[in-house]
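Here chain A shows up in two complexes: once beside chain B, once beside chain C.
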Partner chain A sequence: MNELLKVRNLSVNYIIDRGVIRAVENVSFAINKGEKICLVGESGSGKSTVALALMKLLPKNAIIKSGEIIFKGTDLLTLNEDKMRQIRGKEIAIVFQNPLTSLNPLLTIGVQNSEPFEEHLKMEKKDAIQKAINMLKKVKLTDADKAVYRYPHTFSGGMRQRILIAMMLSLQPELLIADEPFSALDVSLQVELMHLLNELVKDFNSSLLFITHDLGVAAELCDRIIVMYAGKIVEEATVFDLFEKPKHPYAQGLLQSLPTIEKLNKRLVTLPGSPPSLLDPPKGCRFHPRCPYAMDICKKEEPQLIEIEPTHKVACWLYKSDTHETN
Partner chain B sequence: MISVRKIFATIMRKDITFQSLETVNLWKYIITQLLRNKKGITSLGIISVLALIGIFAEFIAPYPYDAQDLQNMLRPPSIGHIFGTDALGRDVLSRIIYGARITIFIGFAITFLTAILGIMLGLIAGYFGGVIDMIISKIIEIFWAFPIIVIALGLTVVLGPGIRNVILVLGILLWVPFAKVIRTKTLVIRENSFVKYAKAIGLPSIKIIIKHIFLNVVPDIIVLFALTIPDAIISSAALSFLGLGVQPPTPEWGAILSDGRLYLMIAPWISVFPGIFLLILALSFNILGDVLRDVLDPFMRGRK
Partner chain C sequence: MKLINIIDLKKYFTVSKSLLSIGKQRYIKAVDGISFNIEKGETLGLIGESGSGKTTTGYCLFGIEKPTGGKIIFHGLDITYYRPKKIRGKIQMVFQDPSSSFNPRLRLIESIKEPLIALKGSTSNSAIHDVLFKVIKSVGLDEDLIYKYPHEISGGQLQRAAIARALVTDPEIIILDEPTSALDASIRSQILNLLLDIQKEKSLAYLLISHDILTAAYLSNVIAVMYAGKIVETGSAKDLLFKPKHPYTIALMTSIPLPDPRLRGRKKIILSGEPPSLLDPPKGCRFHPRCPYAMDICKKEEPQLIEIEPTHKVACWLYKSDTHETN
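On to the complex of A and B.
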């Protein structure tokens, strides 16, 4: 079995003054070695929370209510902070949104990008900077030899994201989480960086968990797509399956809302309504208030994620599992 | 003074802004900006002159600070004694010159101690938050609630007077504003993405605090430092005035002031001159602190 990461029944709550936000509920998925997976969903669907939970970097008001995150055989949730630190940056790395504020303005690129080498491999400063230069060359930063002596403000947003990608991939982590890394960049840069990321991940034989709300990017980059809605996984399928035969009404709606060549003269279909408040999510299926096929059972009972084909899972009462439930 | 400024102005003509491509040296930036600012260069000049006077007191002072001349007691300012003499016939000017050394040293020593305490507690409270922050914040509030000089009085009575104890007592009492400002600043910096990245790399908290947060509060520390010094000087002078600080015959300005208070009606010069010097020194540090704050605050940059 080449399963690298397995998340089982992960639930995360945020405690705020007005109550408890059930941001992520019973999320289960697995990532194989070398696989590229996309987590798609709209804002507030819990994508980033899943990413932060995997790194155990959730904010202080978040609690992991239940679940397991099994990475290479050990449950990360049982590890203490010290052990977790040895995994962060070395075995699991993460690239966040908005590269503009992500580098310390007072330190040179060299100092910041050599940190992983110094911290995890206990390298000398000089060697670490040399390694950092090599990494910067790999992300095709122009003039990498001199760039290490420059400060962050002298780089553009795209360059900074390259620098950050280089920093996080320094130690060839087995899993790279990318949390909407290109959303602050313009489209041409997005494509360029996406191909770069793709190449690097392939070179390093890393797995990728790519978080985005852009289905186009997801289709281009990933092997499998997980669709999240209101803190739950509603559908999980290979890219081709999802785009050709989406099962869940939400996924169908999402795909219909994409502009395509065939639909040039028509108005885009939109999903009515907006996502529910997670302070008080609707009973039963969380999508039922917006679902065109809503049935009685949808309002009462939550559907489980079931396997309808070997590589296709969906959580919807419209589909019956004839064989077995997952997990 | 004007010619010095002109020379500097020509040397430093090139604008250094944070947007320029060259790497920026914070200290160089501060000094350039200070020297181009009227208030900055004046206050810095006064402080430097007073500090030099203190350092080279032996060569400048016309008399030793403890040379008594009982035939010339309480003499008003004259050519021989520009600031007059005190009750033991000692030259007030000489005492003020020697006093500059001690006064400025005490000011710096106290501020140094408060800075260390305040920075450490502020960083820890701000970075870790939660219970640790609550405890430190409560301690800050407790200290804030009491008039400092009263606690200082009590503590010096217990510990006994003397330079060392004054520094110690005021050092552990004046850290509150330091800690408060650093804590607030840390709370802001902590939310920056670069701290998130530092965590994601797997850096331990102590390294994140030193490398990523401390560096970013250095400008605030510089300003606080300059603004705490006058506080420290005035408070230690007050303690000396009350007889709990520096002991005679050591010439601290507050102590000289205190010596003169018995003769205020007949020989006001004994108290007036050290008072004026105290005022000038404290004011200079205050103005310097204000200018530093303006220079280091990016929102004030480019405004007049």
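On to the complex of A and C.
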């Protein structure tokens, strides 16, 4: 398989009045061509920070402390803003959760959705709008020919998200990042748009990095899952392995705590406590204060992400000994 | 006697007239003639998409919206427009986002005891504190946390405080408006278990408002599905999950993202279009423009909620003939 993107040891800090938030620490992963990856985690786990770092769109108080983001052989972190602008939208695009804040309220859809064609492909306005209309038809926007003359506020939430998906896929980017794109939508719309996104990504042979807190959505959509907890990757596996044999106690607890059809009227298994503050994360494994299997070493030393099977990685001391034996 | 009877409840919101609009006042029919009962110690789950009227129904029962029509009966007493003093505090509510339902300038303890003071007036401090600390203990909130301000504690703890605030007046029913949807997965199960424990201990009734079908199924004895201001189907969680009847319920149930990748290929019914405008809802069945089985009658006459099994009711013309035969 050929790697499209490789993130190595990425660490991102946010500087705030009260100190330094260690939002993302030593995160490494790779995305292959045409692959759909879900980054799963709770709020504050650092999943959106990773997405913003990949686009180099982090807020001003963020510092990339270390790491490399290698996209098709170049480290994006070494590129200047001009070069990044050529990549954003054309080679890597991003769809955010709330389409209304991503669309400019003062410009018609036609103006906004034709921009990628004008900016990157230097097309004439007229052709660009025609291209935009074609894209809007692909995302099944009703009355796409007329929609280009309307403003964002005249569309419903679902329509706006379609418009944004059309805009972001305009240039058939090699990597599409979607940050909780459907979380604000109702289930029936969510399933429709998920289906649509899936088809388009396949048609364009784009890779997808889908960020979600919803394990159900992750199970429906992706090939591989990366689980983040408190700024770190705790487990990485194929979607089947993760749901069938989760290894990290956090992933196990999370899966057990979901209400499912089989568990109706039974008490849910819960994870005690809540995620730590990243101003002062716990020493050692960041999950140890909530972990039912916590050992002495967990409180002192940080576990590394190790491979326990060819496609299954976990960062937990419980599995340290296994590899030593097998190695 | 039933704890709560809701009979033909209607809530219309008036739309402000613009300069150009001529003629009669227009209304948004947010809730348009719904009926249900809640028994002591039981949970009714109201599910539906945004704009279906579920929260408005909750507000009417709670008393912060005055119904346009219909009746709300509590223990045989009509409380639609006037609530005598003896029942105040018997109906309580917990809101979706705990961080916006607390006054940011008050310590939690002030907010939690406010309903008690409003209700009991000049009761001695020690009596209030007795009740207060009992409730705080029962929701699993640390006693030192209640002297903090809302922004100082986590979402899960804050939702516990919100539940405590609802419990201090010793209610018989609590309206839970999306109690877990603002919480992270690992916290959600803690709150769900807590709600079940409290219900058992005090034989409380809940009206649960949720868009998350699995959460509703987990907590509820009976589920009512709302669409565009109407109840389209009611039944037990198992009835609705395993043998949904209304085409809308069927679509909703098949589109729940399930945390099991092996079920990915299951047949999903993807609805086209979006819910109707409630200013001018479609004639006949409100679902007919999106219904794959729409017949002529659906466009003309409104289906009534009919019983197809002892605990299972549906409002759909597809099932009209069945009952005629069985009757």
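Here is the rule we go by: the second predicted complex is superposed on the first by the 319 of 327 C-alpha atoms of A that agree within 3 Å, B and C clash if a C-alpha of one lies under 4 Å from a C-alpha of the other, contacts with A are read in each partner's own complex, and residues count from 1 in each chain.
As a working rule, a contact is a pair of C-beta atoms (placed from the backbone, for glycine too) under 8 Å apart; a residue touches a chain by one contact, two chains touch by 3 or more.
Just so it is clear, the model here is predicted, and its values are computed rather than measured.
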First (chain B), second (chain C), both or neither touched by A:I87: first
Touching partner for A:R150 - first (chain B), second (chain C), both, neither: first
Greater chain A contact set [chain C / chain B]: C
Which of chain B and chain C A:I308 touches, first, second, both or neither: neither
Partner chain(s) touched by A:L57 [first = chain B, second = chain C, both, neither]: first
Partner chain in contact with A:P259 - chain B first, chain C second, else both or neither: second
First (chain B), second (chain C), both or neither touched by A:H120: first
Chain B versus chain C as contact partner of A:T101, first or second or both or neither: first
Partner chain(s) touched by A:A30 [first = chain B, second = chain C, both, neither]: neither
In the complex, chain C residues that touch chain A: 49-50, 154, 156-157, 184-190, 192-193, 196, 211, 213-215, 217-218, 237-238, 241, 251-252, 255-264, 268, 270-271, 274
Complex interface listing, chain B residues touching chain A: 18-19, 21, 23-24, 129-130, 192-194, 196-204, 207, 211-212, 215-216
Complex contacts: residues of chain A adjacent to chain C: 42-43, 156, 158, 186-192, 194-195, 213-220, 239-240, 243, 250, 253-255, 257-261, 263-265, 267-272, 274-275, 290
Touching residues on chain A, where the partner in the complex is chain B: 55, 57, 60, 85-90, 93-94, 96, 98, 101-108, 112, 115-116, 119-120, 149-151, 153-154, 164, 167-168
